[in-house]
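Chain IDs A, B, C and D follow the sequence of writing; residue 1 opens each chain.
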Amino acid sequence: MTTRLRVAIIGTGFMGRMHAHAWRTAPRFFDLSPAPEAALLVGSDAARTDAAAAAFGIPEASDDWRAAIARDDIDIVDICTPGHTHAEIALAALSAGKHVLCEKPLANDVADADRMAAAAEDAASRGIVSMCGFSYRRTPALSLAKRLIDDGRVGEIRHVRAQYLQDWLTNPDAPFTWRLDRDRAGSGALGDIGAHSIDTAQWLAGSAITGVSATLRTFVASRPRLDERVGLGGHGAPGAPHERVTVDDAAAFTATFENGALGVFEATRMAAGHRNANRIEINGDRGSIAFDFSFMNELQFHDAQLPAGEQGFRRIDATEPEHPYAGAWWPAGHGLGYEHLFTHQSVDFVRAIAGGTAPQPGFADAARVQRVLAAVEASAADESRYTAVEGARS
Amino acid sequence: MTTRLRVAIIGTGFMGRMHAHAWRTAPRFFDLSPAPEAALLVGSDAARTDAAAAAFGIPEASDDWRAAIARDDIDIVDICTPGHTHAEIALAALSAGKHVLCEKPLANDVADADRMAAAAEDAASRGIVSMCGFSYRRTPALSLAKRLIDDGRVGEIRHVRAQYLQDWLTNPDAPFTWRLDRDRAGSGALGDIGAHSIDTAQWLAGSAITGVSATLRTFVASRPRLDERVGLGGHGAPGAPHERVTVDDAAAFTATFENGALGVFEATRMAAGHRNANRIEINGDRGSIAFDFSFMNELQFHDAQLPAGEQGFRRIDATEPEHPYAGAWWPAGHGLGYEHLFTHQSVDFVRAIAGGTAPQPGFADAARVQRVLAAVEASAADESRYTAVEGARS
Amino acid sequence: MTTRLRVAIIGTGFMGRMHAHAWRTAPRFFDLSPAPEAALLVGSDAARTDAAAAAFGIPEASDDWRAAIARDDIDIVDICTPGHTHAEIALAALSAGKHVLCEKPLANDVADADRMAAAAEDAASRGIVSMCGFSYRRTPALSLAKRLIDDGRVGEIRHVRAQYLQDWLTNPDAPFTWRLDRDRAGSGALGDIGAHSIDTAQWLAGSAITGVSATLRTFVASRPRLDERVGLGGHGAPGAPHERVTVDDAAAFTATFENGALGVFEATRMAAGHRNANRIEINGDRGSIAFDFSFMNELQFHDAQLPAGEQGFRRIDATEPEHPYAGAWWPAGHGLGYEHLFTHQSVDFVRAIAGGTAPQPGFADAARVQRVLAAVEASAADESRYTAVEGARS
Amino acid sequence: MTTRLRVAIIGTGFMGRMHAHAWRTAPRFFDLSPAPEAALLVGSDAARTDAAAAAFGIPEASDDWRAAIARDDIDIVDICTPGHTHAEIALAALSAGKHVLCEKPLANDVADADRMAAAAEDAASRGIVSMCGFSYRRTPALSLAKRLIDDGRVGEIRHVRAQYLQDWLTNPDAPFTWRLDRDRAGSGALGDIGAHSIDTAQWLAGSAITGVSATLRTFVASRPRLDERVGLGGHGAPGAPHERVTVDDAAAFTATFENGALGVFEATRMAAGHRNANRIEINGDRGSIAFDFSFMNELQFHDAQLPAGEQGFRRIDATEPEHPYAGAWWPAGHGLGYEHLFTHQSVDFVRAIAGGTAPQPGFADAARVQRVLAAVEASAADESRYTAVEGARS
């Protein structure tokens, strides 16, 4: 191991920029030894990658990910490309002995995800660490929820209620993008944001989803091509030809957990007024927790063990030294933002490497999410019939 | 028609008391001609009914509902008994030419509900008015939501999201009651509170549910007999024998509406911390409305037609003269409570009689709710498979 | 004492109607012996009083309050007239041996208030009960706050922060009314709504205000006469002559409490968007409580004795059997409204009569509020200089 | 001007770390030309400064601020030291031709602040830029509030209501620190957090405070010396000797603005449950805005020009491309945190240098805050008498 952990980021889009910020920030606020540094940015287009490296503050750029993986001076491969490319890169990197952080979704199908999980397990026996970027787990308030649940404060879990509501497709004139094309995106709201809800739910509940009954919906069948003079936030060009939408706008499903809990999930890109309401609530026989990413620094906790007449949902501002991750930052009450999730992810990944432990969620956890997604699609295609999740104990 | 509308209330429980309050209050704040008066209370036990009449402030008591219906000086029969008795009483009352206000659920099964709806339709041709007591429709904030939706402010509806969360069964030691016995109660959370969500959703959306995919769950299979020294709020007696719970603790289902909207419904008595969270949200392509009965005087409205950068959910305090029902009460900002729903219901019922119009929801509307409940139970018994609602256009 | 407590309500306006409703409702939900009944309505105009009695459901009407007080069959005199008439009526009623419930403000000046308090004290020695209608004390959530504070859960009090925000004068074209005329109204926002804040604060803190530093403000110096075709909610008639506003639109003051707490008070009729935000928060060395009448069924409680990392403001839905007053009404989570304050006030007043106890707030408490109002006006007229409250121990 | 703007940060504490992060982050998300870089960290202790430079990621360290200022390769002097040192450093830096960013408070007294403002004005004529770090102005939600107010959406302002509530001194056993010593800290809650409220209020209202009526309070007169084994979050050592607290725990004052608005301000470190509730609300004759830093991404806006019956406070999630600063960051609905204020501050400062404009707030603005603080202290020492702010037009 070098005295620094040198990272190659694969991907020059929004996520690449975010990861670059996380690698840069992590060692400035957390005590990390060895400290990571983003050393190389890899993209498919040489000119664009050069520009991105300059913008992101990364010293070197390359348009050859295979060469990057082959380099001796790279310790971590950080995959920020679209989902359909993950398996090939991750398998090659693990095989080359690199630690791998892979953005979610792990893959676009179960077969790839399972192959990646198997490779990760094999690599782990050689001291190679891998993790999937379900970054919401790194929200301090949700980590506090996990702690309370693990401490028995919610008790036996009966209800898991997860909604991930966005609204960027509300307007029927919102333009077509690659995210609405099944060949490139895999699925729509389901895989993009519903996958976050599934991972968060299984993690918090400490229990796997064993079966689902699902429905998928595409409300707007085609959309105008993007007016490129306007940009993504704008509308399609007037009179522009339409493209067919081949993914879901919304997904809804009920779920059974191994521990007997009843789950209700909804993911949509058409909930007007909700820019990014990633919500989850869990009700047990001793209490409840509720979270909404619109208020990311807060955890709502209801303690049903308090005396009658004194109970109520309590808004815990998860920014205090006692709260996960929060002590490294500002004084209590000075909130964190979205990027902190990624910084915390980098911290946990580096510490797992340093400590020789397996970071969470591993590729196997992420593959379990993929199998739930597959069961959702299968149920939706079979009159919403209850469909067991492959490999889960029911 | 007499110069007063004389009401016989059938039922001496909590709902009987509430209706007595509503009949007494309505003419004091609304201009009603003729004014109603609760003239007679009918119960099954003579002594208990006498005591209840005194407590409720009703001048006369009887233990014979058939005799009450036969009286010439009774104009309105107000049915507040358990659901399995509704059909017999309502059919007799309609047949005797009485106006009938019947508490929800209209009946315990579809067959009874359909017979009642047919009888109500027949009676309507003779000027007899009937209505089912889905009282939440009379919340000013929800009436405002209905007005906004009907005015096109939400646009084409995509999502209906309804949760009715209670928590009085959270503790496994909460005692057994008749509400947990299928023979007497028909169903559990589904019919008791889920029925409210279904009625509200169909009413607000202006569209019927055409099919559902459902799951029901009983988390606690048996409960101790009530320790009568402690009362209902308490726990079962230590060592008391257990009774088997034969209804659902919770129900969850996705639904399709005639207008294409996707519904997600959840009703439960085990959501720790939610005493009575009756929530509904509707998202359309021009805006959204959201409501939670825990904040019954507020409507949240998102207007997606406002300029970008100025949008957001707006908390409308529905207590102003411009809002439905509210002008009859206090100055703006001085909130209403639960009983106002019943007073408004009495007002609307009396005005329908006076005006010769058909009040909403009629028995046919209530029968449509009953058919959705039946479809939910059928789907839950058939592996959650999508099940069409009988009689709905899909 | 008769077997019923017969009440004469003096005043045919909004408050008279509200009190009539309270007297009618109280014995239907609370066990009261003897039960009260509103027997007589008294107004200044015979025809209008007859009409009001019919509308309010009161059997008898009169236009002679002196005659009403002289009647043997009247037990309670309930004064709902404007403030400048209170003293004369109350003194006569007490002198005639009637129990007196007097709306707030007790009087328009300290001299009258003190005479009334002295007469009440004298009457009390003869078993005569009197109370001032600071109805907000009867909010279950605020009564719960009082219980928590008295139980030491807030600890030693440092901060009292009270705002009473309304907005009906926001628009400069809102018409002139008698409430804006000092001769008739005494003062503006200060005495009308600020008085509520002062009473609530002294009651909750269990401590009197000893001195204030104040400022008063009239933002709109004159307003158009009411266009009577439009009504109060409307604007002044275009081109209508203006009347001079001789009371405050807003009052703000800091205060010292006998127990050392620092108070900050604000009352205004020009806080756009706040219809009736009657808020108070108290911070002590063991916890805090916060309340906003816009959410009248909720108390926010912060328990600083909980473990670090688990603290937060807890929303207690004060509608449960364990909460003050709430057990008499609906199941938990089914909220109460504004009128319940008046029903509870009637209940407490009747029980004090039956039990021979002194109800709170007595006339002496109300006179203490009046002296704070006087100190506020004195300070505002003296460059906001700190001004001791007459009779308070500093 | 060099191709990079090289920054010397003076101060190795929490604020130094924060500024280092801001300089590092700004050019990664904003297009800045020339881009800034933190080149030198200056502290009083050589060893500690070396360690801090390594931790903060700054290449060079020094313990001689005068030498730093004298260097040709330094363009910006960024002062993050305690307030009593600001004047000397800032005056020297301006004199040396460096651009100066100075943390708030600008100084510990008016005389120093005025000298600094005069020097800044003089330097400006030579193209030297200076700014005071009232960072809350850079919150996107507050910048949106400013835009709405400037666009006339709030109308003529009547009320400014600002509270800055913290609770770290709630417990009487919280230990003594230098912040509680007047000689070192200048004042307590007033200057530390009340100063933020004053700056924000004057900025948003677009109007200066002309006079105040104030009270200051120290609730706990002495505190135990810190038990150094426990750290600042802990309590004083049992039996430790006490130090006398010579600053205010809380400040409260009413204020008059040049535009006639009435201000009510409160700043405290003893409001149990409020970690960092920096709140401001402004009410005008056309609308209101309200903000609480506990929910830093939200602006509450009430538009009183909307139709009656549709009005209400609207929660605007100020994270969209249309909102100030927000477009440079994440997709809408992905919140920002506390540090973004400092990054935005760096951006605005650099752009002012590049554009040759005067950044806000300049030293003159900050001196105006200082004069309000002085008036507050003078009023508090003079029986809360109304005290004009020196130099303000009344």
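Note that a residue touches a chain if its C-beta (ideal position, glycine included) is under 8 Å from a C-beta of that chain, and two chains touch if they have at least 3 such contacts.
Every value quoted in this text rests on a predicted model; they were computed, and no experiment measured them.
Peer 1: Would you mind naming the chains that touch chain C and likewise touch chain D?
Peer 2: Both chain C and chain D are touched by A, B, going by the contact rule given at the top.
Peer 1: If I rank A-D and B-D by number of C-beta contact pairs, which comes first?
Peer 2: More contacting C-beta pairs are found at A-D.
Peer 1: Can you give the whole-Å distance between the Cα centres of chain A and chain B?
Peer 2: Using C-alpha averages as centres, the distance is 41 Å.
Peer 1: Measure off the straight-line distance from the CA centroid of chain A to the CA centroid of chain D, and report it in whole Å.
Peer 2: Taking the mean C-alpha position of each chain, the two centres sit 35 Å apart.
Peer 1: Using mean CA coordinates as chain centres, what's the gap between chain B and chain D in Å?
Peer 2: 54
Peer 1: So which stretches of chain D touch two or more other chains?
Peer 2: 274, 308, 311-313, 317, 320-321
Peer 1: Can you name the residues of chain B that touch chain C in the complex?
Peer 2: My answer: residues 14, 17-18, 20-21, 24-25, 27-29, 55-57, 166, 168, 233, 274-277, 293-296, 317, 319-321, 329-340.
Peer 1: Quick check on the complex: what are the chain A residues that touch chain B?
Peer 2: 154, 158-159, 161, 163, 167, 170-172, 213-215, 217, 219, 249-250, 252-254, 256, 260, 262, 264, 266, 268, 270-274, 283-288, 302, 304, 311-313, 383-386
Peer 1: For the complex, which residues does chain A have touching chain C?
Peer 2: It is residues 144, 301, 308-317, 320-323 of chain A that touch chain C.
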